[in-house]
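First, the structure itself, so that you have it in front of you.
Read from first to last, the chains carry the letters A, B, C and D; within each, the first residue is number 1.
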Amino acid sequence: MLELNPQTIAFFIFAVFGLGGALGLVTTRNLIHSALYLILSLFGGAGFFVLLSAPFLAAVQVLVYIGAIAILFIFAVMLTRGMTRLKEVVNRQWWASAAVGAILFALLLTGVILPVWGDGGTNPNQPPTDLVATTEDLGVALVDGNQYVLPFLVSSLLLTGAMIGAIVVARDQEVS
Amino acid sequence: MVPLWMYLIVAAGMFSIGVYGVLSRRNAVAILMSVELMLNAIIINLVAFWRYVTPTNMSGQAFAAFVFVVAAAEAAIGLAIVLAIYRNRRSTVVEDVNLLKG
Amino acid sequence: MNLINEWAFIGVFAAVAWIFPTLPLVVSWVFRPKRANAIKLQTYECGVETVGDTWVQFKVQYYLYGLVFLVFDVELVFLFPWAVAYNRLDFFAFGAGLLFVFLLTDALIYAWRKKALEWL
Amino acid sequence: MPTQCLDILNTPAACLISSGIDPGLAEFIGILLGVLAVSIAPLVIVIGLIWVERKFAARVQDRIGPNRVGPLGLLQTVADALKLITKEDITPAGADRLIFNLAPIVAVTSVVLMWAVIPFSPYHVGVDLSIGVLYVAAVGSIGTLAIMMAGWSSNNKYALLGAFRVVAQLVSYEVPMVLALLIPVLLAGSMSIQEIVNSQRGMWFFFFSPIAAILLFISTQAEAGRAPFDLIEAESELVAGYNIEYSGMKFGLFFAGEFVHVLTNGLMLALLFFGGWVGPFVDDAPLLGVVYLFAKGAVFYVFSLLLRNALPRVRIDQMLAFNWKFLVPVAIVNLIVTAGLWMVVRQLGIAPGAGFENDFLANVPAAAIMFAGHLLLGGIIMTMVRNAGRRQRAKDTTTTALTVADDQKMVTAQ
């Protein structure tokens, strides 16, 4: 079914990174280790973007997620002292949570993935064309009046708002 | 190329693990990390569908980029709230934050 | 070279770039003396034994720098496609980019006014 | 179809195929050879760089420097490396072993990975990624992670404190760096570094945006942790900061990573603003490009050495204020001005059109306008800085004068 070419091997490596990192993240007691597992998982995601011919998003993933968000998480872990090694990692309803996760996965499997499973699915399992839109097209689309210029500006506004809100919330009161 | 459903399975797996983490972890920072995991699974889904369905159209990548923005805003605000709570309660365990319970 | 081949190069490169620094560590592990004792393994803190947990609390200022950086980083990443496409764009697109950067500057001015950038 | 074996240096895969090897395998061998060539280069060069650095520092300080091992002390670095390898390595008790050992490897890997996209000549390039510039920024940001890992896993308060300060510095200076990286991308209309170099055949981008080049130099200097921004080391205050617990080869790896980083920064500056391998006769003899590139990179490396030996270390609050209150605003204004001028130049129709990028004269009017605009901007910025400095000094002198007067009053009262 699957031919064993470098691309498939790369896919499986990144899948192991992504899923292994995710499992490590939710099960590890030490929060710094959790953050590093998160980085591993995000790295797997970046690899997927490369395989999906979206290298720009892969670079963004490394630059923003690993270089900025993960660093912010590590900062936050260090700032909340004594919380790195809790005795009990999970709450009492963890088995219910696990059941919810499993059921969700099963639902996704039957609802979304089964229709495209195998060659007989309704949706294509092979991309229609090898021609893909480039970063330049993305740039044109982002500032085109008929396409994404409004979301582009609103996202800037959202980030400004997020930053102002976070500064207000996070600052020590005695500083001001 | 690797068929579409394999990407979808990995993304669905990451999303479900993220849901488990959000529901079961006690530490607020770990919960936020799980949320990031879920958002990342969503981005993988968006990009996979973009590549296999409309690769010449920009929408998939543009939406993925906006999800990045949302993820960044979520992390910034969420962690700021966690820090504020920690300053007042000396704890980041979500069950200890029950001020509104009366 | 097509796209996938390019990234195969990066993949092999990453593996080699990982092996190169590992190699001297392995060689060193083979050749170096291993006579550790409790005194040697002490944490290096002016000869005094470490007091308390190392994972002490730090001030929130570090977080604020990380926060401002995160916001700037995300916005700058958005500017890259804009810059790549710049030679194809018109005045309207320039205006959109300008507005985007102005909103970014707003955030910086706010942080500056609120003294979030001071090292206190 | 048997491919012609034109040039064993440039297309090893084609040569291997023509000698009867399976194409897939030949391609892989070709990739591997390229990888080895590009990844060994920085690690070999670093041995020479350490010698240059020590000799230079010695001359500045009126010493001779290494002169015993080998001619002119050239083999001193090799001897040092042998010593580091055979030195006892201590992992402190309570350290997080895996992360502790991983951190130096990640630090070196992140720097070496940058070399994958550096074009050495019109034909010799590891791989010409379409997102080259962003790749460099992304890979560089992994280095921050390595420092965080090192500082946290050492189980040492100094190390963690040092790591915190370093990460605050590195993430802060990444903002003006990325803003400066945007300028060549904007001018060339591409993120591929090879394409950026190609569009500088007529005129270096330095003349289109000198301020961006200066910003990039300053911020990369801070990214590599060189003086006056060497708070990463700060031996006298932080007892070496994040790598205090590291000994032996692991410390050596951090050290080597820093040296390679400084050279890489010099090369990046040469590539993005000073034409990279562009120079006379480079099309006839591509290997000349390597010489040009390294000559240009070496100039910035020596300049960095000079700064290191001439400047004192700044305080962390001064350093962060300098970044957020000077570099970032200047970088934002510079981006707006450059984009605006470039738009004006294009609308006036004097931008070098397609086919004229290689022509020096066709580039002159556009470059003259943009250079003049940047000179004006630089003048305005300098005036503002001077006025702000004068105000600050005036305030400082009045306060000191008051305290001196108070002191005298107290003395007379006694």
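In this section, contacts are C-beta pairs under 8 Å (C-beta built on N, C-alpha and C of every residue); 3 or more make two chains touch, one makes a residue touch a chain.
None of these values were measured; they are calculated from a predicted model.
Asker: Find the most central chain, measuring centrality by the gap between its CA centroid and the centroid of all protein CA atoms shown.
Answerer: Centroid comparison flags C as closest.
Asker: Starting from the mean Cα coordinates of chain B and chain C, work out the distance between those two points in Å.
Answerer: Each chain's C-alpha centroid was found; their separation is 20 Å.
Asker: On a C-alpha centroid basis, what's the spacing between chain A and chain C, in Å?
Answerer: Roughly 18 Å separates the two chain centres.
Asker: Whole-Å distance, chain A centre to chain D centre, using C-alpha means?
Answerer: 29
Asker: Which chain B residues sit where two or more other chains touch them?
Answerer: As it turns out, chain B has residues touching two or more other chains at 65, 68-69, 72, 75-76, 79-80, 83.
Asker: Among the residues of chain D, which are close enough to touch at least two other chains?
Answerer: Each of 129-130, 134, 160, 164, 167, 171, 174, 189, 191 in chain D touches at least two other chains.
Asker: Give the residues of chain C touching no fewer than two other chains, as numbers and ranges.
Answerer: In chain C, the residues touching two or more other chains are 3, 8, 55-56, 58, 60, 62-63, 66-71, 73-74, 77-78, 80, 83-86, 88, 97, 104, 111.
Asker: Kindly provide every pair of chains that touch.
Answerer: So the chains that touch one another pair up as A-B, A-C, A-D, B-C, C-D.
Asker: Tell me, which parts of chain D touch chain A in their complex?
Answerer: It is residues 96, 99, 129-131, 134-135, 137-139, 141-142, 144-145, 148-149, 152, 160, 164, 167, 171, 174, 189, 191 of chain D that touch chain A.
Asker: Touching chain B in the complex: which residues of chain C?
Answerer: 60, 63, 67, 70-71, 73-74, 77-78
Asker: Which positions of chain B touch chain A when the two form their complex?
Answerer: 1-10, 12-21, 23-27, 29-30, 32-34, 36-37, 40, 43-44, 47-48, 50-53, 55-58, 61-62, 64-66, 68-73, 75-77, 79-84, 86-87, 91-93, 95
Asker: With touch defined as at the start, can you tell me which chain A residues reach chain B in the complex?
Answerer: Residue positions touching the partner: 2, 7-8, 11, 15, 18-19, 22-23, 25-26, 31, 34-35, 38, 41-42, 45, 48-49, 51-54, 56-57, 60-61, 64-65, 68-69, 72-73, 75-77, 79-80, 83, 86, 88-91, 93-94, 96-98, 100-102, 104-105, 108-109, 112-113, 116-118, 121, 123-129, 131-133, 137-138, 141-142, 147-148, 151, 155, 158-159, 161-163, 165-167, 169-170, 172.
Asker: Can you check the complex and tell me which residues of chain D touch chain C?
Answerer: For this pair, the touching residues of chain D are 27, 31-32, 34-36, 38-40, 43, 81, 84-94, 101, 104-105, 108-109, 112-113, 116, 126-130, 133-134, 154-158, 160-161, 164, 167-168, 171-172, 174-175, 178-179, 182, 185-186, 189-191, 239, 244-245, 248-250, 252-253, 316-317, 320-321, 324-325, 328-329, 332, 335-336, 339-340, 342-343, 346-347.
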